[in-house]
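A short worksheet on the structure shown next.
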Amino acid sequence: MCGIFGIEGCDDASNLTYLGLYALQHRGQESSGIVSWDGGKLHFLRAMGHVSDVFHEKALADLPGYRAIGHTRYSTAGTSVIDNAQPIVVRTSFGQLALVHNGNLVNPGEIRHRLEGEGSIFQTTSDTEVILHLMAKAQRRVVVESFMLALEQVRGAYSLLLIAEDCLIAARDPNGFRPLVLGDLDGKPCFASESCAFDLLGARLVRELEPGEVVVARGGQIESYRLAQHTEPARCIFEHVYFARPDSKVFGVSVAQSRLRMGARLAREAPAPADIVVPVPDSGMYAAMGYSRESGLPLELGLTRNHYVGRTFIEPKQSIRHFGVKIKLNPVRELLEGKRVVLVDDSIVRGTTSKKIVRMVREGGAAEVHLRISAPPTQWPCHYGIDTPIRNELIAANHSIEEIRQFIEADSLAYLTLEGMITAVGGAPESYCTACWTGDYRVLVSPWDQRQAELFPARAEER
Amino acid sequence: MCGIFGIEGCDDASNLTYLGLYALQHRGQESSGIVSWDGGKLHFLRAMGHVSDVFHEKALADLPGYRAIGHTRYSTAGTSVIDNAQPIVVRTSFGQLALVHNGNLVNPGEIRHRLEGEGSIFQTTSDTEVILHLMAKAQRRVVVESFMLALEQVRGAYSLLLIAEDCLIAARDPNGFRPLVLGDLDGKPCFASESCAFDLLGARLVRELEPGEVVVARGGQIESYRLAQHTEPARCIFEHVYFARPDSKVFGVSVAQSRLRMGARLAREAPAPADIVVPVPDSGMYAAMGYSRESGLPLELGLTRNHYVGRTFIEPKQSIRHFGVKIKLNPVRELLEGKRVVLVDDSIVRGTTSKKIVRMVREGGAAEVHLRISAPPTQWPCHYGIDTPIRNELIAANHSIEEIRQFIEADSLAYLTLEGMITAVGGAPESYCTACWTGDYRVLVSPWDQRQAELFPARAEER
Amino acid sequence: MCGIFGIEGCDDASNLTYLGLYALQHRGQESSGIVSWDGGKLHFLRAMGHVSDVFHEKALADLPGYRAIGHTRYSTAGTSVIDNAQPIVVRTSFGQLALVHNGNLVNPGEIRHRLEGEGSIFQTTSDTEVILHLMAKAQRRVVVESFMLALEQVRGAYSLLLIAEDCLIAARDPNGFRPLVLGDLDGKPCFASESCAFDLLGARLVRELEPGEVVVARGGQIESYRLAQHTEPARCIFEHVYFARPDSKVFGVSVAQSRLRMGARLAREAPAPADIVVPVPDSGMYAAMGYSRESGLPLELGLTRNHYVGRTFIEPKQSIRHFGVKIKLNPVRELLEGKRVVLVDDSIVRGTTSKKIVRMVREGGAAEVHLRISAPPTQWPCHYGIDTPIRNELIAANHSIEEIRQFIEADSLAYLTLEGMITAVGGAPESYCTACWTGDYRVLVSPWDQRQAELFPARAEER
Amino acid sequence: MCGIFGIEGCDDASNLTYLGLYALQHRGQESSGIVSWDGGKLHFLRAMGHVSDVFHEKALADLPGYRAIGHTRYSTAGTSVIDNAQPIVVRTSFGQLALVHNGNLVNPGEIRHRLEGEGSIFQTTSDTEVILHLMAKAQRRVVVESFMLALEQVRGAYSLLLIAEDCLIAARDPNGFRPLVLGDLDGKPCFASESCAFDLLGARLVRELEPGEVVVARGGQIESYRLAQHTEPARCIFEHVYFARPDSKVFGVSVAQSRLRMGARLAREAPAPADIVVPVPDSGMYAAMGYSRESGLPLELGLTRNHYVGRTFIEPKQSIRHFGVKIKLNPVRELLEGKRVVLVDDSIVRGTTSKKIVRMVREGGAAEVHLRISAPPTQWPCHYGIDTPIRNELIAANHSIEEIRQFIEADSLAYLTLEGMITAVGGAPESYCTACWTGDYRVLVSPWDQRQAELFPARAEER
């Protein structure tokens, strides 16, 4: 779960990158980093925190140059997390390089093991660093050649932006798991995880990079290359269900519209004997609106969200109350009182949060609560970059829908079908990765990495 | 614009106050402060920043006790703003006192001038401090008597919470300009600007304090007193239009519902030849929904809001773009394209922001933009605590509606009528303060304060 | 224990004050504060920490003006110590005032009690605030008149600098307990606790203020007034023994020279059968040199001091070692080995530190350790601003010199006589305060304050 | 210019390392870092700032384990300096490694170039990182073998401490340029740049590591190895002249005593027609004392040092004064007035500071100023880790002693002879590096590194 942005050939490149990251902040709030190239050297800053906390005026002034990339990252906690913060910056025989990565590789341990056996040393535990090592080993005179040779050895999900001394390079894995779009700001190329970053800058969305495409940008010019591997696209639908901003176009489709269609489809597939439709804000908003329109049931904003929630809050010492969900959401009793409610959300993970929200709506006065989920049951962990828990923590992995309903104490529960979801987004069904719902992993974790993960679960997590 | 919270007789009083302020964060984001009393002395912390930035675990541990009050404050900038942060804490002949205040007095300068003439010295430029001086001068043995004697000398808007060594006292001005509610947490009294703070804590909303009521809480007991002044209520409707959280009950009425009714009323008073209704998030959301239902035009979330906006952001040096509004809002082209849009917001102040939003919607593809405002034109500054600019900066103070429409470049523009707005909230029309729309100030600024403000505009602002 | 500095009529007044405080940092390291007046308003900053930590470039830029005062303060700890940080800034009927104070009053509680009974409210627990209240009560049109009326009501030790809207005023108590000097920087008056501050700025030392003198500076002009009280001078010799910087002139006498003479005198009064003289750095340096010269015994720097000691350090969890003194001092074995050592220090307070140093010198190889103290035994607490412990913690208050010698495990121990010390400094013996050695308090603590201190020791400390 | 410390087999290893660094703070104030090993993984923290600023209680609690190394570093400024902060921590085929380094290699560029050509990537510009790469390439099963193979490829000055998963290793280069001592804390081995770190901990100084020695510590056991290269010792005398703490033993000799002897020797070689001897504090203190004793001229502390100098200070905007030296030093007029002064310092680098000090002493009243330097003229830059400027900034590189005297405006100027200095320290003359005075570099910079430095002076500095 990360957002990346890059721009080539513009004055104030780091400031524009900062604004791009600002628009991508929803993709990761833990750490932020920017690298710029001023023609002579790389400058960089990365730190824990939101983009607006890390980059003050002075910090941006210390990042001069006409080429920049940036990264905003969500990650599981740990003591040395700052060391895994991106961009990763290194020095090689072809000069300084900096790299940002959205996605997850599935064979980093295997490659790392091989490289360590050849005497390579690693600074981070991130899978991203192996790409730089492979590049350095490739030793081609032209940076893009080394980059492509490196990418042909890794497998998994990656949208990448690389700064070299003479160009900026963008690459998307052959399956195109994660999004990556090309924009144009006054004739200069820019790249972003989502098009909403271009909207903020006033850049024009040119197109998505194709799966397996590598784009070299130098000044106002771009050249396109293609990785050798041939595979089918496996685009992550979860971007549409939950992750992307509604005002972005992802895989060429408006996220807001695909969510509206998911909601409408859900209304047809799983109607409910109810009086009102209530979204779980903010993620369920568009789907709820689609449900409302299709069903004819009025939409009510029966749950409000506290937008001033900080990163932590402190419970009273002897508290028996649990403020976790209440700090974010509050029911509007006047709208819920006596009503049979269709509650619309995008997913159920462990079930504990959903249970609290259902209870909150009921205590807010609802007569009945019918939970509708705008995607199928999440049953499998993601290996391609979405931060889902391990399998046996996913409630749908080992419970029936009726068991889940009982656990979350809803009057009824229904999920959107896989077919319904894919149809709502549009495009060829086989072009999407559906692993988290079906277990159909298009790219398998390497046996070496798999074995390590089983032998040393903690270390695997760390690596 | 402030939020206040207090609780009496509970363990962990400061932690509960912190949670209460968390829920009131929307009422002020500049500074936060809490005072607690542990039976022997007051402990306090106040600092610039959000509640969750100021109060970490250790900070709360340094605020022990069973009685606490807190404050969250919006204020105009200045170098020494921290010195005006609340609570104000002083030592007097009857021990330590701490006070928080929501609202604005209209005769503080006059009183201050008198007190200074008698040798009093002031630490702050806030109007709140005069109340403590008047109390100290009153010299009654019983704190509440001194407090009431002080309040009978000041005029204007105040909802107050006072910590004394033997009790917590809440007071609301005789006009009841600002809200103040009494709650019950497991048998212990608590007080808050809005009921949403009680919802978070799991406290029960008992009732609003009445205008002119003074409540003394000691342990689980409360006693109620009444200020001598007799006046008509003048409750601030702007709380319903814009300021309060939709899940609060203010003046006994659900804010969400009154906004839905304002929108519905607006649809009847000012229909528009349009295809869709689009709210300006988040303030226009409920009114837009009311407009949509009443008009039958579908609601579309055609503007998205970036919820990760920090307190500042940095524009590129040679920027000709202005990111101010774009950093917060972004149009969803797919929903706006080719549509005639009714755009619903709660107010137009200077007109510049509205102009940018109208333009954003048009550039997002809208064929027409019809702006509808869920309140009458704001023409007069508020003297009772809402932070409006001076009169000649209010666009409606000296421009006709048609002139405003031209300025903001909308295809049409209409405001809700005063009658419509009051009817939507409900209750006796004369029980509300409507000064910002009508200039009908129920409590006049004292001639002395008025003269000072005219002679020394800057100093007046500072005082 | 505080340092104060002020300057009048100069551009960049706050920056010059900052430099003055820099030179006075040894007089207090806990908090720092500066107030400046720019012709229209006061600007101020005060915070916990050293001058160089608190005042960065931007902070000084926020303190514009041609008149400034500053304060650097040592204080006993407490949770709300920042609230007692100086300067104290208030608003009165004759405008804004700011005050800094070095010294301690002996009747602040009594005055405070009276003022609270008249309705005054206090922001701090500091004795300094009562002076501002008394000024405000005086209500004379001319600030210096109010100031002098206030000073004639307080008793004790004070060197004060006051900023008013039209002048800067310096005052020294009638006994002249604490030092205060007048300087001249390019024709503009400046004031400081010690002359070393003038040396740094390149200002000329004009003269000491006389006891009971009040100097009003306005632009380049000064006027001198005299307080009505007539008393004998009681200048604090401890400034010469320990507190002041050796390069300062205090009470007209070079501190370095008086310490050299104390050491020489000590050598005559208390010779020792030794091989070398070793100072306890840095305070015993000059006295040791005087001792060495007079005795003919060579000086050896047998103890080094770690100048990078931070404000705190952290001991290992299961540590049985106590690093307190070792973190600061380390013996130089090669210089001490087998030598009979005369160790010279300026005072013994509780005896525990002296005991550790004697042991350190012995473990460093010394054959014998003869401790010589360049002042008489400290037997009484100071009421005039030196931070000594209460009487029964002073080892000399209830132990004979032989008992102390046994406790600190020295081979011999001797103190300089009172007469010897006074002779070393020079001037009329009766012009000095010798209370900490003799209990001869020139100004008695008011009975009211005394009683409070006995009834409520903790509260007294707090007040 | 760095200090290093390490300890093996002790509880609270990071806390003991922190105390060791505390004692070595004078060797570098820019950044501080500690790595600990807890049996399962490395923990580390490194940051800009003094040891006591970087390591608070919580920070040390986050560094658990029984093995730790630490580093305190001085470095030339730069935007990304934190990235060169030590310890350097990496992951290799034989697990995690962490390394700290005092000294400078002379062929890092050459090795780096070769490694980059083989595909290695570098995180830092420090010479230290190449050692870890060479280790990783060595691929021996036993860590110490890989380490020694690596060290046999690098040339220059290094005192190193390495943490591996099963031991702590200390190494000193074959010339023994920089000091490194072995200590014993309750039976557990510890290592430090200087013995003063052991004094603080209460550890016993066992011995210096020999040039070319490699010591492996595991639990309470140590094993000693020897690097293959055979060369003559070339110990840095500048440690004795200036860098080390006087209470340390360096190369088996007391620093305080060698400085005393330098001063005495200087008095014989270069007597002066003077009245008093005045040290430039603190570096010239011991040499001045030696000069005083030998010459019979009395020592006077005629310059005081302000020990509260922060890392930066801010000059007034229109200042024509230059506070640089005055903020640190101040003359004591009473001691200097009318005197002919021998001023003793340890070195003259560019001459500008010496000029200011001479002027300060003269303005302090001295009749004559005779500057005596306790080392020969510094004419050549150091390649082995002392931070001297490039050759043409060294005033003695291209000026005669008479020219320097005129520049600094002294009445006379003399330096200690090379022979005198070496005799004062003791030991075989040829066992010392004298390059900064004679240009006789024992280990030459590799031609490759030399060429790079000439072609790209900035980049060379960066690398």
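To keep things simple, chains are lettered A, B, C and D as they appear, and every chain counts its residues starting from 1.
To be clear about the criterion, a contact is a pair of C-beta atoms (placed from the backbone, for glycine too) under 8 Å apart; a residue touches a chain by one contact, two chains touch by 3 or more.
The shown structure was predicted, so the numbers you read here are calculated from the model rather than taken from an experiment.
The minimum number of touch steps linking chain A to chain D comes to 1. The most distant chain from chain D is B, comparing centres defined as mean Cα coordinates. Between chain B and chain C the centroid-to-centroid distance comes to 49 Å (mean Cα coordinates, whole Å).
Rounded to whole angstrom, the centroid-to-centroid distance between chain A and chain B, based on C-alpha atoms, equals 37 Å.
Inter-chain centre distance (chain A to chain C, centres taken as mean C-alpha positions): 61 Å. Interfaces, counted as pairs of touching chains, are A-B, A-D, B-C, C-D. In the complex of the two chains, the chain A residues touching chain B come out as 11-12, 15-16, 18-19, 22-23, 25-26, 29, 50-53, 55-57, 60, 196, 199-202, 245-247, 249, 254, 256-257, 282, 285-286, 289, 293, 298-299, 301, 304, 306-319, 321, 323, 326-327, 330-335.
Taken in their complex, chain B has these residues touching chain C: 43-44, 62, 79-80, 83, 89-93, 97, 113, 116-123, 125, 132-133, 136-139, 462.
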